[in-house]
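Each chain gets a letter, A, B and C, in the order it is written, and its residues are counted from 1.
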Amino acid sequence: MTARPWLKIVAFLVGLFLTVPTLVVIPMSFSSSQTFRFPPAGWSAQWYERLFTSPEWTTAIVNSLQVGAATAVLATVLGTAAAIGVTRLGERAKGVATGFLLSPIIIPNILIALVIFSAFLRLGLSGTLSGIVLAHTALALPFVVIAVTARLQGMDPALQKAGGSLGASPWSVFTKITLPLAMPGVLSGAVLAFVSSFDEVVISLFLQSPTAITLPVQMFNSVTVQIDPTISAASTLMVLVVSVPILLAQVIGARRGNRGRQR
Amino acid sequence: MPAPIAAPARAAAEAQPPPRRRLSPAGRRRGAGLLLLLPALIALTLFFVLPLLSILLDSFTSPEPGLGNYVQLFTDGYTLRVLGRTLVIALVVTVAGIALAYPYAYMMTLAGPGVRALMVTVVLVPFWTSMLARNFAWMVLMQDGGVVQGMLGLVGLGDVTLLGTTTAVAISMTQVLLPFMVLPMFSVMQQIDRRLLLAGQSLGASRLSTFRKVYLPLSLPGVAAGASLVFVLALGFYVTPALLGSPQSALIAQVISVRTRELLDFGGGGAMGVFVLVVTLVVLGLSRRLAGPGATTGAAHVMAGGNDR
Amino acid sequence: MTTPPADGGRIELTDLCKRYGTGPLVVDNVTLDIASGEFLTLLGPSGSGKTTTLNMIAGFAEVTSGSIRLGGRDIAPLPPHKRDFGMVFQNYALFPHMTVAQNIAFPLRERKVAKSEVAQRVERTLELVDLTGMGDRRPDELSGGQQQRVALARAVVFSPSVLLLDEPLSALDRKLRQSLQQEIKRLHEELKLTFVFVTHDQDEAMSLSDRIAVFNEGRIERVGTPADLYRNPGTRFVARFLGESNLFDGRLHPGGLYEWNGHKWAAPATSPATSPDGAPDGAGHERDLVVRPERLRVATEPGQVPDGANRVPATVTGLYFQGTHQRVELDYGGVTGTAVLSPDAAGDDLRPGSGVTAHWDPAHQVLVSRTPTP
């Protein structure tokens, strides 16, 4: 059955609504004016210059990269181990464990921010980058678990048994069979963990201090506390550096997945 | 993580009948599984579950023991208004989301593989685009003298102020949350056998009637999953109302933020948080009843690149 | 009860064509007259156009050109839900959110039949397909065979004049398939509807149908009763598709002589396909000679071959004892064939690898053309 024309039009408009508004940030970032007027009256690269030279922005960028990298490492290690562990559990335990591991994705961020802030305040972790890393790790875990689980589910369990029957110890079955096969999932989990941390605002806002400001927090402050058009350059940077690679990976991944399924 | 170390963990976790031999291979596998899980479980417990419990405790004990914080929640006129406003916005965003997402998800099931891949990507664009970039873009578009105002002027609505209003917040939130609506719907619709529609028509039902009596009921689990997800996320939304709204039209998340970050009133803020959590769990529980667990997890898989299945 | 309404269920397809976009014709000038109350099977390999033809009859595929008439009335402009055909789908297509009774009641509700009558007719139809008492079950609580019965019940409950069946048994295992074949045959006899049945399974087609239309590359290659098609397939495609055969691709010479690979066989003229046309070395003389396995005999000594029989030396490549008969796989020097012998006739001398003489009575051979007759 083919789609009716009105359906195509509606879907197209919804597609526009999803994508186009965000693109405004690109021309905005080349604006010559101090205001957020759109379309810009003139063009300049001053906001990029400021983004990469002014200490408040460069520190925020470096902080975000550090936090993101640390989060990615921690969440990937914990999440991969957990995902592999889950596959070895019995059916019921599997459901409970998965539900627990995925819970941070469903709980509203403001709540996570609230509880982590109060706990970290008491532990002295508030206002430190390591505190933000720990919080982000809890938040990023579900992404790694999902990515690795998806990969493991497509794997023939007989492979691990075969490894064992061929004389491999459980440890070498894990390192030589399970892990290499799960690797694409692990890598995409790591990327997702990095991105989810790099883009996270609410928890970082709660845990911020003058020495622990991430890029999204700096952006948030640049429109709420002062009016600093550098945010448009930062936004463009985020779109280009974060979204584009992720989406490319998605498209390529989807193609691969489809091909694998048809076989 | 070799199995021998796992044996005691397993034995502790599950009291086994008299250990005649050593553990069975399956038991060992499970033991190893638990061991692999342990670090993540500990991390989540430390940085998520324990803090949550401590806030729950705070909400009943601070500043003084009792239900004071909760009583205040429903008697203090300001908080009640904020709660009401938050629920209304969450509802509006949910309904608008259903209206936009349903045809889009339906179209996705009809499209060929190429177009469908494009449509999945388009849905994921907002999901993987910086939250701040998107909200900043809406700020620019909806400011006074901005593009949206100009367009509204063209259709004769004149100078409607958008920025700082709940309308602006609702529009932006609808866009930001739309992927969470589309993906569960799509994952359910995709599993509907399209031959059922042919069967309906062969049995004498018109296209419209077949859609209403066959397709719609079968797609409802996806709608329920998407709607509950969006509703819940909208309840706790912070960035959009903070950037596009105003203190006069604050939502619950902003009030929680002020209470805790600025006033360090963890009892009062905690009570609000617990209220949001309870609503969240109730809504998710209901949707699980309605939709089954599959729809939400299916969506999560698409988002995390596990691809549609 | 004996004679259904004269022509109400008669379907006439005239020069029916279907192409998607600018692609080739997937259905190529199909003309077929299906009598009211007939059980007609569209048989062919996948992609031969049989399902597309059925979909055009049902209204799910638009007709590119040609006409479809039901009881003399042109139904091409009607949407599917106004055609009043019952249809049974390959994977049943039962509505999963409705009970069995609700599924069966669906077409009645759509036709605004009174509630009391709906209940009555659902009950009666459940009885008809032997599912009394199952009305409150959900489709997923039923076995595959039961689901197919529900699908049948749903498709006939509103007394349509025609029942369309799209490979309804292909998802079932062999045993179940046979019992449902009988069920379908019984329904056909009881309801006296026109049945249009699509399948790629020749056994199914042979045991169920009044007539079979064999599809090949979008065209109807041949129409006839199962026995007629088996005995006189007419073309190489039909001979190969319907039943097994020993097929020799030789040439027909004037004077009732057939030559294959240096062997000369008697080929008395009995039908148009047995008389050559055109020049002796032209395509008009190219015929395939077909001998059905049960008509073939095998002799271990050339002396045992009766006079007047056509013969060819062969090597036994396989022997399969199958209870009621013995199957002998043969190799005629590059061309393989099969003989089905009664256990007595086979004898004990046959061994894989042994040289034998295959022979048959010329009256039991048929000549078929290599290409469909235009």
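Note that in this section contacts are C-beta pairs under 8 Å (C-beta built on N, C-alpha and C of every residue); 3 or more make two chains touch, one makes a residue touch a chain.
No experiment lies behind these values; they were computed from the predicted model shown.
Taken as a graph of touching chains, this assembly forms an open line, each chain in contact only with its neighbours along the path. Farthest chain from chain B, judged by C-alpha centroids: C. Centre-to-centre separation of chain A and chain C, using mean CA positions: 58 Å.
Separating the CA-averaged centres of chain A and chain B is a span of 16 Å. In chain B, 198 are the positions where the chain touches two or more neighbouring chains simultaneously.
Taken together, the chain B residues at the contact with chain C in this complex read 193, 195-196, 198-207, 209-210, 213-214, 217-218. Against chain A, in their complex, chain B makes its touches with residues 1-3, 28-30, 32-41, 43-44, 47-48, 50-52, 54-55, 58, 100-101, 103-104, 106-108, 110-111, 113, 117, 119-126, 128-134, 136-141, 143, 145-147, 175, 178-179, 194, 197-198, 229, 232-233, 235-239, 242-243, 252-253, 256-257, 260-261, 266, 269-270, 273, 276-277, 280, 284, 296-297, 300-301, 303-308. Taken together, the chain A residues at the contact with chain B in this complex read 1-3, 7-8, 10-11, 14-15, 17-19, 21-25, 28, 36-38, 74, 77-79, 81-82, 84-90, 93, 97, 100-119, 134-135, 137-138, 141-143, 145-147, 149-151, 169-171, 174, 188-189, 192, 195, 199, 201-202, 205-206, 216, 219-220, 223-224, 231-232, 234-236, 238-239, 242-243, 246-247, 249-251, 253-255, 257-258. Against chain B, the residues of chain C that register as touching in their complex are 58-60, 79-82, 84-87, 89-91, 93-97, 106-107, 110-111, 154-155, 158, 164.
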